[in-house]
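Two complexes are shown next, each including chain A; its partner changes from chain B in the first to chain C in the second.
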Partner chain A sequence: MKEHGKFAPLFFVGPHIILFIVFILIPSIYGIYASFTNWNLVGSPEWVGLDNYKTILANSDSTFYSQFFNGMKNTLIFVGLSVPLMIVIPLMIAVALEHKEVKFTSLFQTLIYIPGLVSISAAALIWSLIFNKQLGVVNNMFGSEQVWTATQPYAWITIIIITVWAGIGGNMIIYRAGINGVSKDLYESAEIDGAGPIRKFWNVTLPSIKFPLIYTMVMTTAGAFNVFAQPLMMTDGGPRQSTTVLMMYIRDLAFSHGESIAGVASAMAVMLGLVLLVISAIQYYIMNKNATT
Partner chain B sequence: MKKLLMVMLTLVAVFLAACGGNDENTIQFWTPLTGDDGAYMDQLVEDYNATEPEIEVKHIITSDMYTKMYTVLNSGNGIPDLSIIHADRVPSFVKQDLLEPVTEIMEAQPELNADNYIEEAWSAGEVDGTQYTIPLDIHGSAMYYNQDLLEKYDVEHWLDDNVVTFDEMLSLQGQLEEGDYVLNDALLSWVLLAQIQNLGGDIQENGEPAVNTDAMRESIEAVKELNDAGLMTPYGEDGYLMFQSGNVLFSTDGTWSSTGHAQVEDLNFGVTNIYAFEPDTFHNRSSAHLFAMLSNEERSEEKEQGIADFLEFVRENSIEWAEAGQIVASQDVIESPEYENYMQSFFTSTQEQEDSLYIYTYEHYPYVQEAMDNYVADLVHGEMDINTGLEEMQKFVEDKVAEGSLDMENTELLDEDELEEELSEE
Partner chain C sequence: MFEKIKVSKYLAYLFLIIVSAIWAIPVLFGIVTSFRSQTEVVNEGFRLLPVNWIVENYVNILENTSTAPIMQWLWNSIFIATMHTLLVVVVISITGYGYSRMKFKGRDLLFFTLLGISFFPNVVNLIPSYKIIDILGWVNTPWAMIVPGLAGMGNIFLVRQFMKGIPMELDESARVDGASDFKIFSRIILPLIRPVLIVCGLFSFTGSWNDFLWPVIVYTDVNKMPVTAGLLLLQDVYGNYRMIGQLMGSAILAIIPTLLLFFFAQKYFVSAINLNSGIKG
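And now, the complex of A and B:
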């Protein structure tokens, strides 16, 4: 029995650790190594030290420099626009569904959750038809003459709409679970003290679901930084590369038609990872601080 | 219980062995042919296997094939015996020593020779006098016309010489009904690559990429003139769909689109050459699907014989491939009377037509096309200044070439260094 006890934990943790090492740890380390090399994915990587980083961060003449900064700017725009919406809208829906007089709550919950299950490429095809100038519902209903995906800010609007449409369900479920866990006594005593619905939301609901709130914020931000499919499918990075996000440049460099430029691509990916790491660290710091007080 | 376990273990072992892929009795055949193309190729392979050859062919459709090729080449495991690659990959693959010449294949089946294939498709696989590929098809730009609209605007005579010119199209300026257009902007960079040939230009100069050239500028300006005259479908709109909905006279897309257009009810269409400046100088930018063997020392002679037999079967029977809308490369097929039923037979109907098919074989062509795909729509539609665009495109390609080829140079240097080290040790 004792022998069993010794190894039992290994059997539980083992598979995950192996998968983590094989599919996450080793590729990440190799990716970081590749960022210090010149590599075309076929030959052996050639060590070039910090050259790739110098090119993308400091050599303003280089195409890769402008690609990196344009890609980073567009990624940040996407994060800035989408993350707040992906937090606020699901939260409002979750709170609304808690209202006593709302019926068929699980039906609504299902309807809002389902888009998240649809493959993003299939969804993008449907949405690009919805926004199509001649055939689309949007232009026919509102009588507009807009070519949505080829003019700004409409190109961003279409990307944000499809992202929000597909993404709010998951966060909403987490918020609903959080709100359900709040003791009813708190609401009752708040009512006795004369608190209205808005007061109850700010002073009872929000503080009680602080942890799920920050958790979703971290996860949604991380997901948003890795955005790729929506702009690729909806706008193909246009107009004039104003919706080309960093992941699209990285992919083109490493896996496009010509010889692969994996070194520079890896350097860009490492920089993206670093930005994400810093932002997540800040968010986690806030989360931990709030969790202990 | 024990028995069940044994059975399961055996099953797992069989499954793993089947995945191994180093089976001596099948030819692992990788293609990037997704969608309908893959189904037609499946049929060809199935027909071949039905002849009960000694070594059967196993067709594996691989999306993201080139990335996976790099992976297996790096690891040395699971390298396919045969694969289909695109013409524009050949120069860089050969330079990186990733392809094996098809010399022995040609010896095994003597009919696999230059005379039996369209010249442009055959020579796309030749580097420095060595043949590296056997062609399956040529596919590329084609211009579809809407017969009903040609009649409506009374311009059917444009097709009399099989070449629609810029001037002919410009003559319709101001005469179109609202919502109608003369041409769309589908596959625009290919159209421009054809114009560069029409003007006698090129995309390289002494091996260096030449994008910011007079020919490129003139081509872009000429197409922009069509756009400025209100003849081209507007920026960002789906011109391909607009052609199918019957609002556009000409659609400049690909040979393979004929199958898609044919599915549209009431679309009365035909195919002709990409528009040109003059009726007697015209080109259609093309690519080709080519059979190739990735470098692999473990490929046995028996397998090479099997590959040769399969390619000979394809040469004789690839009429099936015409279904996919592609211009079949085998002379036997395109000379057969059945082939005339296919729309794309237009492109091989005369020697002059065959000569119009042009494949760019410049080593860095993929970078040039990538640059064009990123920029030309903005330039033609006047969203961006042409001079700025040309400069950025040139820079784009040069930077990529510098970064992509540095590797090779460094490796060579390294080899020399190693050699010196070895010598000094002695």
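And now, the complex of A and C:
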């Protein structure tokens, strides 16, 4: 029997390790390091200690401070509005699709899944027109004069609508698979106990799909924190920067046409990453605890 | 009892029909509008069907090869997404083999360390990643979008998990016959992991095709960018809704390739997630 040579494993896992080091490990470490410097993407960064963090967190005279808090606030608003809908709506659809007497399920599923394959920029072009003041569908249908993308709260509503429209297909399929895997005996014994459809959902379906729920909730939240395309294309951050999310400020500071302020942008990115990590951990903890007790 | 099921059935239908309609109408609206003339859209407002079907919008889109070269963008996207997908499949299959079928010291520790690091929020590595692409001379080249995504751990995790379901006896009996790792990999394992590779490939393709933030950062050259980044420019090029038909036509052209892929590979898209949730659940 021939064992593999000493260097054979290196051949199989080595190439990916190099990719991992170059495109994940080094940039992650450098991203944290840069947040303590005055890096401008071009020159060599100079260590400034906690200055960037002091500026964005405590110096209320600085524009970076107001950008950071406005961006973080808007990102959290987006997460708070979009994530519950991105969980509840696909769950309702999955339950309806798994109803034993409903037919044409693959047609419904396809129609709902397709927007997920539409790139967000194409979707934004179409939806912008739908919400357009003079030419759009919405105002024509409802006879309203609303300038949707330039007035609050409508600007947020348009952003949330396009996000939910484009984003629920994946979660829907995960929930369908989960509900499909629930043993039919559980439902039958619940029925014998006289449980109606609502109690069956709460007592049988929900506890049985605990893992898919945790998984989708954590993943959807992580995605929502990185929101960028929808506000950029639908409202361009307006009106009066009320939908400018943190990712838009980070990109502007680091990559705009003037001199790059990558150090401050990195500090903002690290803060965003930290908030995301903490929230994911809390979500995981609460969901896991609730589901086991 | 019987009545109850009936009511819930109609409720389910009603809900599904409303949702599907809301989900389908924007795409249909985009398609219909792309065949209407600007004057018609402005004068008649919203209509279910055009008064006159015209194809001029598409002719104009295709003739504009300077400020909005959409065919070039589509080609760039196709090249990037295809190359990325092929390389993903190669990398995840050989790496997955290494982490599940080979024995070496610290193998699982290494794997889970890399997996743990990859959970780190990737917003932090965005700016340095750009710098690395810049140092490599890849700004405004397809490689900026093809290569960095190959470092991800998610697909390797799936492949490794899938390979664990393949009995080790297969490898061992082949090894007794004198087969090398390379032979075991290519002749035995590779054919067996086809389903998971197809799934990962499809998601890599659509993920790459629809990526937005990264291409907006790494492409400044109009002729080099993929279609998602290009569409951002269109808001200015056909700006302020002076050329609505062209705007909608471009959006529709950008959608077609992934839609075609979906219709040809629909069963894999759905089985895909079964596999995914099967592991998580």
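We adopt the following convention: the second predicted complex is superposed on the first by the 267 of 293 C-alpha atoms of A that agree within 3 Å, B and C clash if a C-alpha of one lies under 4 Å from a C-alpha of the other, contacts with A are read in each partner's own complex, and residues count from 1 in each chain.
The rule we apply is simple: contacts are C-beta pairs under 8 Å (C-beta built on N, C-alpha and C of every residue); 3 or more make two chains touch, one makes a residue touch a chain.
Bear in mind the structure is a predicted one, so any value in this text is a computation, not a measurement.
> Are chain B and chain C a fit on chain A, or do they clash, once the structures share the same frame?
Aligned on chain A, chain C clashes with chain B.
> Applying the document's definition of touch, where does A:G178 land relative to chain B and chain C: first, second, both, or neither?
In the superposition, A:G178 contacts chain C only.
> Where does A:E259 make contact in the superposed view: on chain B (first), on chain C (second), on both, or on neither?
first
> In this superposition, which partner touches a larger number of chain A residues, chain B or chain C?
C
> Kindly classify A:G196 by the partners it touches after superposition: chain B alone (first), chain C alone (second), both, or neither?
The second partner, chain C, only.
> After overlaying the two complexes on chain A, where does the chain B footprint on chain A coincide with the chain C footprint?
Of chain A, residues 41, 132, 134-135, 255 contact chain B in one complex and chain C in the other.
> Of all residues in chain A, which touch chain B in the complex?
38-44, 46, 48, 61-64, 132-135, 147, 149-151, 237-241, 252, 255-261, 263-264
> Could you list, by residue number, the parts of chain C that touch chain A in their complex?
4-5, 8-9, 11-13, 15-16, 19-20, 22-24, 26-27, 29-30, 33, 41-42, 45-46, 91, 94-95, 97-99, 102-104, 107, 110, 114, 117-118, 120-132, 147-148, 150-153, 156, 172, 175-176, 178, 180-181, 185, 206, 209-210, 212-213, 216-217, 227-229, 231-232, 234-235, 241, 244, 247-248, 250-252, 254-255, 258-259, 261-262, 266, 269-270, 273-274, 276-278, 280-281
> Taking the touch rule as given, give the residues of chain A at its contact with chain C in the complex, in rising order.
The touching residues are 1-4, 8-9, 12-13, 15-17, 19-20, 22-28, 30-32, 34, 41, 89, 92-93, 95-97, 99, 101-102, 107-115, 117-130, 132, 134-137, 140-141, 165, 170, 173-174, 177-178, 181, 196-197, 209, 211-212, 215, 222, 225-226, 228-229, 232-233, 247, 250-251, 254-255, 262, 265-266, 269-270, 272-273, 276-277.
> In the complex, go through chain B and note every residue touching chain A.
Touching chain A from chain B are residues 64, 66-67, 70, 73-74, 88-89, 92, 96, 98, 234-238, 241-242, 245, 364, 366-367, 369-370, 374, 377-378, 383-384, 392, 395-396, 399-400, 403-408, 410-411, 414.
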